[in-house]
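In the two complexes below, subunit A is the common chain; its partner is subunit B in one and subunit C in the other.
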Partner chain A sequence: MRDNIVALIVEAARELGDQDEIELPVELTADTRLFGEDGILDSMALVSLIVAVEQMIEEQLGFAVSLADDKALSQKSSPYQTIGTLADYAAAQQGASH
Partner chain B sequence: MHTDFLVDVFEESADNDALVWNDLQFSYQWLLDELRVWQAKLHDEVPQGAVVAIEADFSPKSIALLLALIDHSCVVVPLTSSVEEQKPEFRKIAEIETTVAIDAEDRVSIHQTGINATHELYKKLRALGHPGLVLFSSGSTGKSKAAVHDFAPMLDKFKVRRHTMRTITFLLFDHIGGVNTLLYNLSNGGCVITVTDRRPDTVARAIQDYQAQLLPTSPTFLNLLLLSGVQNKYDLSSLELVTYGTEVMPESTLNRFRDAFPDVRMLQTYGLSEVGILRSKSRESGSLWVKVGGEGFETRIVDGMLEIKARSAMLGYLNAPSPFTEDGWFITGDAVEVDGEYIKILGRKSELINVGGEKVYPAEVESILQLMDGVEDVSVSGEAHPIAGQIVSAKVKLAHDESLGDFRKRMRAFCRDKLHRYKVPQKVVLVSETMHGERFKKMRR
Partner chain C sequence: MSQPVTLITGTRKGIGRYLAEHFVARDHQVIGCSRSPTDWDTPGYQHFELDVCDEIAVRSMFSAIRKSHGRLDNLINNAGIASMNHSLLTPLKTVERILEVNLVGTFLFCREAAKLMQRARHGRIVNFTTVAVPLKLEGEAAYVASKAGVKSLTDVLAREYASSGITVNSIGPTPIDTDLIRAVPKQKIDELVARQAIKRLGRCEDVANVIDFYLREESDFITGQHLFLGGL
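Here is the complex of A and B:
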């Protein structure tokens, strides 16, 4: 499941990169830094990415996630650091709902 | 001269920094010399009382020119790069007679448009011999309104000397808050630190490198600053005061910021382009209750909404009827809760969408999406979002079958050269029913 989510995040980031003319690394992986130090996204792009990923997970993987609620924002370690940490945060929500 | 009191301050503070721009520092002596240069040039090239657009962001020359234009009793219309799409419309509404364009290298070009500005409000200012300021504000119907201010009473507010701090300019001078920050600092010999963009990293680096003490900003930015973790990367210990306004502060953001920056004082500000910036006092640093008013302002609450009467209120709009009540009160449209002298701002009653402090009019986004192939109907509204405050959400009715993913890709490509990126809907919902009521009025919720 985590791999599927990573793939969706990569797809969403590519789409955003095209739209906003953000220069993305050639290879996007779970280790790619998203937001914060050395992150590839600025704040507006982060918000767009989160909303797109939420919608894509719901459509393509069939479960609802909330990736930017107060809980996400108050995590000790931000879920937006890398593609992998965001995928982990999303995957944990699927686990919790079953 | 209208800026004599500022010149006195500049002379006293000659050796101090007036401005940090592109990592360069400019002293008050520099500003004074530059002011003289432009005063002489305007004298030769621009008629007194002309309506002049300054097409620029904050820069050393744009600030010197602003002051020289004030002295020359001109009506100043600041147009910054953030309103790029609306510039042609704004120029027309303001009847621009002279354009002063300042490029990224701070080079100035001046040209005459051949237009004669004849608006009644301009005539009024010319009769008084006063300089003016035109600021474009939001209208609930989506049309930008041009507020005309008499600069003379606005400047009077700054003649009382106050304590100054090294200040980051988060807002530009096409916004009442940006004008206020600039004039406050200049009239007290303070230092304005400009930033090239508003990313947390850029702002934090400027705070560290130039020892900024005051950061006027928005709740959304504070949230992003915390999320980005820049407080661990930069030394932000120079920061003493953070002021926030332009949107409702979520309590959780306020609390988290105070945990991260226990020594920084927090102050809520309140102002509108129609009436100016009020003096404000938060009940406590961590409180959303605030007292607004100060000299020259009266406030009252009618039907749960804040109303303001200001001595330095605008004269009126260029392109809309006067919004003031017969006895001069301005209905802000902000819903508030009251506790004695303090109020708590609950939010706008209108449908304006506020994405990270940037304002988006539903009608503007709708009108662009409506141009796309296959789009039958569209309705745009704000949706609460913990990071951006609000995001733009679009309900779209399509004429043919298309997956949401494909439509979203197509929409982003379509909007790329037509809408500012923060106006492009982050959320899209495909629907099958139409979105207007029986009287063919769009329903946005």
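Here is the complex of A and C:
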């Protein structure tokens, strides 16, 4: 499941990059930093990505997640630090709902 | 342009019902919601039964809208409740319920609508505040506080959503002859109306007129504004 979510986040990031003309690295992996130091997105782009990922998970993987989080912009414990941590966060939510 | 998709909360009766019929007549695809079923129906209107503060139900309605329409053009946050009472005689449960429906419900709908609208980089959100806010109306402390909250929420969301092409404005109606004010003594309403520049009760048409203005394509440079009826 995590791999599926990682792939989906990469797809969402690519779409967002095209739409908003954001220059993204050639390779996006689970270790790619999304936000903060060396992050590929600014805070508004991060918001757009989170929303897109929520919608794509529901559409393509068939379950609803809420990726809203109070620790969103915290450098240390944000679930949005990397593509991998975001995937873990979404997967944990799916696990919790079953 | 294809038919606009317009979501209106609190459409079972009163202003909400009027607005639903108004926008159906203007060829919008109208989606409405209320806690209980409507005793009316019209082609071009789809109803959801839910409580506006029930996050799971609200999110699943938005998911259904995304699946069936693929977008949302307009959100009209009309649902609201009031309770006329001196604060010393107001149970906390009443305060919590008013804040929940009027403020938390509005927040939830704005958030979910903006998620849908930002994909299209276009959207219009209209929230409901009230003339009771600038009038600092005694006997409506919780209601006025909740609607002042809606006004501030509108200000901030206008800024947060501007880069996504979404405008967020509010309308502040005067008393209108609906269930919301039916329990209020006539003398109180008369006193209120006397404080307006134009001394008459509001009409649903007055509200629809302001919303029509906010929804116009040409209104894309108007956001974070509050329009009070009756000359407050």
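Throughout what follows, the second predicted complex is superposed on the first by the 90 of 98 C-alpha atoms of A that agree within 3 Å, B and C clash if a C-alpha of one lies under 4 Å from a C-alpha of the other, contacts with A are read in each partner's own complex, and residues count from 1 in each chain.
Throughout what follows, a residue touches a chain if its C-beta (ideal position, glycine included) is under 8 Å from a C-beta of that chain, and two chains touch if they have at least 3 such contacts.
All values reported here derive from a predicted model rather than from experimental measurement.
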{"item": "Simultaneous placement of subunit C and subunit B on subunit A, clash or fit", "value": "clash"}
{"item": "Which of subunit B and subunit C A:64 touches, first, second, both or neither", "value": "second"}
{"item": "Subunit B versus subunit C as contact partner of A:52, first or second or both or neither", "value": "both"}
{"item": "Which superposed partner A:44 touches (first subunit B, second subunit C, both, neither)", "value": "both"}
{"item": "Partner chain in contact with A:89 - subunit B first, subunit C second, else both or neither", "value": "neither"}
{"item": "Contact breadth on subunit A, by residue count: subunit C or subunit B", "value": "B"}
{"item": "Shared subunit A surface residues [contacts with subunit B and with subunit C]", "value": "44, 48, 51-52, 55"}
{"item": "Complex contacts: residues of subunit B adjacent to subunit A", "value": "199-200, 223-224, 227-230, 233, 252, 256, 355-356, 385-388, 391, 404-405, 408-409, 412-413, 416, 421-422, 424, 426-428"}
{"item": "Residues of subunit C that touch subunit A when the two form their complex", "value": "59-60, 63, 66, 115, 118-119, 163-164"}
{"item": "Contact set on subunit A toward subunit B in their complex", "value": "15, 18-20, 35-37, 39, 42-44, 46-48, 50-52, 55-56, 59, 68-70, 72-74, 78, 80"}
{"item": "Residues of subunit A touching subunit C in the complex", "value": "44, 48, 51-52, 54-55, 58, 64, 66"}
